[in-house]
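The structures come next, written out as structure tokens.
The two complexes that follow have subunit A in common; it is paired with subunit B in the first and with subunit C in the second.
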Partner chain A sequence: MKWVKVTLRIGVVSLVIASFFFIQRLVMPKYVNGIVEGSLIETYYEEEGNHDVIFVGDCEVYECFSPVALWEEYGIPSFIRGSAQQLIWQSYYLMEETLRYEKPKVFIFNVLAMKYNEPQKEAYNRLTLDGMRLSSAKIKSIKASMMEDENMIDYIIPLFRYHSRWSELSFDDFRYFFNKKKLFHNGYYMRVDVRPVTTFPQGKKLPDYSFGDNAWGYLEKMKKLCDNNDIDLMLIKAPAIYPYWYDEWDEQIREYADSNDLIYLNFLDLIEETGIDYNTDTYDTGLHMNLSGAEKLSRYLGPILREKYGVPDRRNDTELSRIWEDKTTFYYEMKAAQETELAGK
Partner chain B sequence: MLFTSYEFWGFIACLFLLYYLIPRKYQWVMLLAASYIFYFLAHPTYLIYISVTTMTTFYAAMRIGQLLNVQKAHLELNKETFSKEEKQGYKSSVRKKQRKWFIACLLINFGILAFLKYTNFTIANINSLLSVLGTGERLTFMNVILPMGISFYTFQAMGYLIDVYQGKIKPEKSIFRFALFVSFFPQLVQGPISRFNDLSATLYEEHRFDFKEVSYGFQRILWGLFKKLVIADRILVAVNTIIKEPDEYNGVFVFVGMMFYAIQLYADFTGGIDITIGIAEVLGIRIKENFNAPFLAKNITDYWRRWHITMGTWFRDYLFYPLSVSGPILNLSRWSRRRLGDGLGRKIPVYLTTLIVWFATGLWHGSSWNFIAWGLTNGIVIIISQAFEPLYARFHNKFPVKGKPLYSAFEVIRTVLLMSAIRMFDCYRDVPLTFRMFGSMFTTGNFSALFDREVMKLGLSGADYIVLAAATVILIASGIRRKEGSMRDRLEKIPARRRYLMIYLLGVIILLFGAYGVGYDATQFIYNQF
Partner chain C sequence: MILLGDLMLRMKKTCVLSVAFIMVLTLFSGCADPTGSLSNSDSETSGAQDNEGYSFKTSGIAISMHDDMAPILDKLGEAKSYFEAESCAFPGLEKTYTYSSFSLYTYEDGDIDRLAALVILDDSVGTAEGIYLNDSLDKIIAAYGSDYTHSLNLYSFEKDRMKLSFIVEDDIVTSIEYVALAGE
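Our next item is the complex of A and B:
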């Protein structure tokens, strides 16, 4: 009965490995309360249907554009692959990874990340990288993002990083062990509350306004990736008034866009055109847009995507329409829930 | 590469695979290459020092051996013609030549160690002296890198040289094999200090993959990681909190710090040695044990027979014994017996030798007055306990409590407290502060702080304390049950399912409760610095 023994041994080894995965899953942060942004990246893998437009970038994309508004008004299926302080190389490798699953018509990159030339903080790295599935793109992204005292293996086997959370485990860690509650759709982080802008900040003088070589290198890589795959690259700057966006920075991006035949939209210069009202369209005094702001920006962006890039209206696609119907329902339910919560305060 | 770093375990995994895949006759070559790679990765310049020690010791030992062979051949050839005096004269001339090689090699290697380890300490003391004398002159400190494990490999190599010189062993013929003996990487960083006789055979022989041996080694590694990561590196936070703020943490905190440091050092050092021995076992190599339940010792002499055994025996065999029969000590012995009588006169040279050995032991541990004071205190306590032996004997004659469980427990606790108190020299930044903090245990009277949960946190959470308490209980229980045989032998006797479950649980405990990764300082083993 040799085969029984062998099967038994394989079974035991599998069980041991599975138990380590179980423990890892348990101690990993669930990001369902508090810093929910940590759940954004992983939602992409649950997606059904393709997207014609993929946004990449930091909080200035996942809070400033509404995929449901783009769908409802223009029939454009889109997804936001963004996370808090997502660095340009992280966005690049997310683009590279996206191509394993689908081929969009347009990638839209928010250029605020150009200000960072080096890795910044492990906590932010985690928000993007922990959500990615293991792939060569993830490995490259980790390599590019690690701080000096970090280790690649801590990202590949997150148990090594989060093992000390055993003493912080809460009910949520067990409750959301298998299934997390749905907090987002299509990578959009909805906020309906309003906190108007009170003062407009003035940027501190910088010793040097040039973007770093590393950041430029990745922008160039993004362009090449799009060129090689026959995808359009669009550059945007969301209308967030802080972190401050310097004219000198804007000029560099504009020059790059002009010389490479790219469209660059700085929404800070398009306040009138988009109809953004800093008294009603932001939930945190101008750092990020609320739902109203995000819908306005999406409504402005839709026609550009259609006219300049030929992104078609897919509302006639019955399969896609079914998928988006569910998303739209979730969207309005979440909106209503947040409004009810606000009214109760 | 730290023993607790991922890189190190990647390195071990690769070595393990290759070691059992290549032809067995090349296994020792692979170990030599791995040892030099390990050392190179730590710092390329380290290789220069270890190579110098290897080459000079190998060559000197070879010359000493050759001279002995020539002597043997010459005496054999002239067996019939040489008179007794001629034989003696010839032997003495050969011995002189051997001594030249021997002393030259000792001077070079201990010179390198002394220069690298003690130059700045000497400069600091000269500067202090100049400052006391009121001169404005100051010597500049030198920028020297202390190679990792230099104290260990120098002692190991010099032990070999002394053994060859004393004719206890024959010199190794291959410089590469000898290089492996000096540089064998698992024990390079914190010992044990092996003897050539003990290590050479197992190091150079061919090793077949033996599941039981590999499994034993793996278990030993896990046990070492448990001690280091779950206990030592966790309790370290509290120890550092106490010793870095002596003005704030005095009185009862000093006592807490003293006991915590005792646990930390034990878990750290024995954990490191467990990992070393475990790695060697996984490769089929047997290394001598360095500990034998030291906290079950009933007196300080017994303690030093159980703690850092290979260092203790090195000093005993290569310093204490030769010193005891050296000319100056024998002269002193004659003089003191003449002047002070047979009783005290006989003891004076022994006490002096003891103090010299302990001074050297302290100095070996580190270039600071703290370590010298630590060594001398050990020596003094040993001398006092030896001097009081007749008194103890009389006490035990009157009160036959020896061997009774309660008295044995008292002896164990007394030794633990005594050794922990002496070890305070390791903790505080200088000797006067150590004495001040020791005194504060008896004068401050802040015992109520023991019951203040906030104050007693010392940088640890409640959960950390629970883990520490549970892990320390496991540690103590395993130490107490050592008499029943090694833990692994006992594990081997229980059904395989239960055994593997226990090993698995130990792995899970280390993974979950170990202090490692981001958020923890990668903590070097305490004995790496010696």
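Our next item is the complex of A and C:
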């Protein structure tokens, strides 16, 4: 009878654990409609690695660069590990976590996040942290990101945070319980619509333009992580006109890049070279690029990755080409669908 | 069979206790936000209340932080420029209305746009207490007292869910900003 007892006990415990994870999965936001950006981070785990270039940063990376364009034109496999208002320590821990899966040749970091020296808001944290798999990097990222009134356990076991969504569950929570619909292109969030820049507010005067010690500390950690793993670190500032990017900030990044022998590209200063046209290349009056803008930036970036970092053309790799063929097909299907939708409006 | 029945009863107890334990943990943890939603206003300012903080006066109206923007915009007329920024993480817009001498920034509180910040742009307008750009620190202290917080060159006066801040450089006021604060 002992084996029956043990089997039953294991069965009961398994059932309880399974129920727990079932409920947790059910009540967690699915981010497939509306704020789809909440799904960005987890899409990385569907990949098989093999990326030569990994972007990290906020919306200025996942809406301004097209990995498919980089592949099609230069044979550079890349992935964007971006998320909404991704803070620099979150970017750093994503880099650290990435190294568990693969070793890219170049990490590209968008420097807008340097403006934040401390955690900002739980809701933004969630959009990055909830999508990460449990790992030491995730735990360190949670620790660095938590607001004063938050608990680590609420991030590690999200059911504690989301249990009250029980009464708000919608059809989508069941529909996308197992699999979410595919929304992104190697971390790129596609938008083909156009809404030109008409005006933008000047930056408010700040009492101090110096980046904070915490932000500097994580930039330094990024550099060390790259150095220790023989990976190049590239700094960029996407050509988004808002939030305002101050000259004083730009100068600090330039000085850091110069003294650490890093390439820093401020695309706000490269409008002519990239061909960005704020009448046609943005879908939200200059905050983010649309597909046309993202492809222009990628076309400009490709040769730099090739020449400065020696990132090779891998289109001769049969297996990789097959993978990217599927990605490219999905890319153009979504592009066509969005254009059709726009034409119908 | 009796033994098996007893065993089943024990297992049932274990199961019920485990589920109960999970439920208790779940219910009593992270209950700060009973809606479970992650709305844009969850740590921002929210809700209409009487605003007793410092107000900005122009064109015969008093403008306070957290005020409903609709009647303010009606009275002020068309702005010189308007800019809106969609949040990357939430539905809704942050709007900026720039008039000739000041800019107004909004936040969303449900269906209502409320005033999040006001920045004075030139010395043709000042605070209701008579401070203008290019005034001195002494004049600020004479108008608002010395109960301020001071960090670098920023002098801030908090009052009822709002903050009035002055940047003072070389004893000259170079920035005046009203900001809505979170909290009840």
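In this text, the second predicted complex is superposed on the first by the 343 of 345 C-alpha atoms of A that agree within 3 Å, B and C clash if a C-alpha of one lies under 4 Å from a C-alpha of the other, contacts with A are read in each partner's own complex, and residues count from 1 in each chain.
Criterion: contacts are C-beta pairs under 8 Å (C-beta built on N, C-alpha and C of every residue); 3 or more make two chains touch, one makes a residue touch a chain.
Because the structure is a prediction, the values reported are computed rather than measured.
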Practice problem: May I ask you to decide whether A:35 touches subunit B, subunit C, both, or neither, giving the answer as first, second, both or neither? | Solution: second
Practice problem: Name the contact category of A:322: first (subunit B only), second (subunit C only), both, or neither. | Solution: neither
Quiz item: For A:127, is the partner it touches subunit B (first), subunit C (second), both, or none of the two (neither)?
Solution: second
Exercise. Classify the contacts of A:207 with the two partner chains as first (subunit B alone), second (subunit C alone), both, or neither.
Key: second
Practice problem: In the overlay, answer first, second, both or neither for which of subunit B and subunit C A:159 touches. | Solution: both
Quiz item: Between subunit B (first) and subunit C (second), which, if any, makes contact with A:143: first, second, both or neither?
Solution: neither
Quiz item: Is A:5 in contact with subunit B, with subunit C, with both, or with neither (first, second, both, neither)?
Solution: second
Quiz item: What is the contact status of A:84 with respect to subunit B (first) and subunit C (second): first, second, both, or neither?
Solution: second
Quiz prompt | When both partners are placed on the shared chain, which of subunit B and subunit C touches more of subunit A | solution = C
Quiz prompt | Where subunit A meets both subunit C and subunit B, residue numbers | solution = 12, 16, 19-20, 27, 122, 149, 151, 153-154, 159-161, 163-164, 166
Practice problem: Quick one: which bits of subunit A touch subunit B in the complex? Just the residue numbers, please. | Solution: 12, 16, 19-20, 23, 27, 122, 149-151, 153-154, 159-161, 163-164, 166-167
Quiz item: For subunit B, which residues count as touching subunit A in their complex?
Solution: 6, 461, 463-464, 500, 504, 508, 511-520
Quiz item: Where on subunit C does subunit A make contact in their complex?
Solution: 3-4, 7-8, 11, 14-15, 18-19, 22, 25-27, 29-40, 42-43, 81-91, 96, 98, 103, 119, 151-154, 167, 174-175, 177
Quiz item: Given the complex with subunit C, which residues does subunit A contribute to the contact?
Solution: 1, 4-5, 8-9, 11-13, 15-16, 19-20, 27, 29, 34-35, 37-38, 58-59, 84-85, 121-124, 126-127, 147, 149, 151, 153-154, 159-166, 168, 199-201, 204-208, 242, 284-285, 287
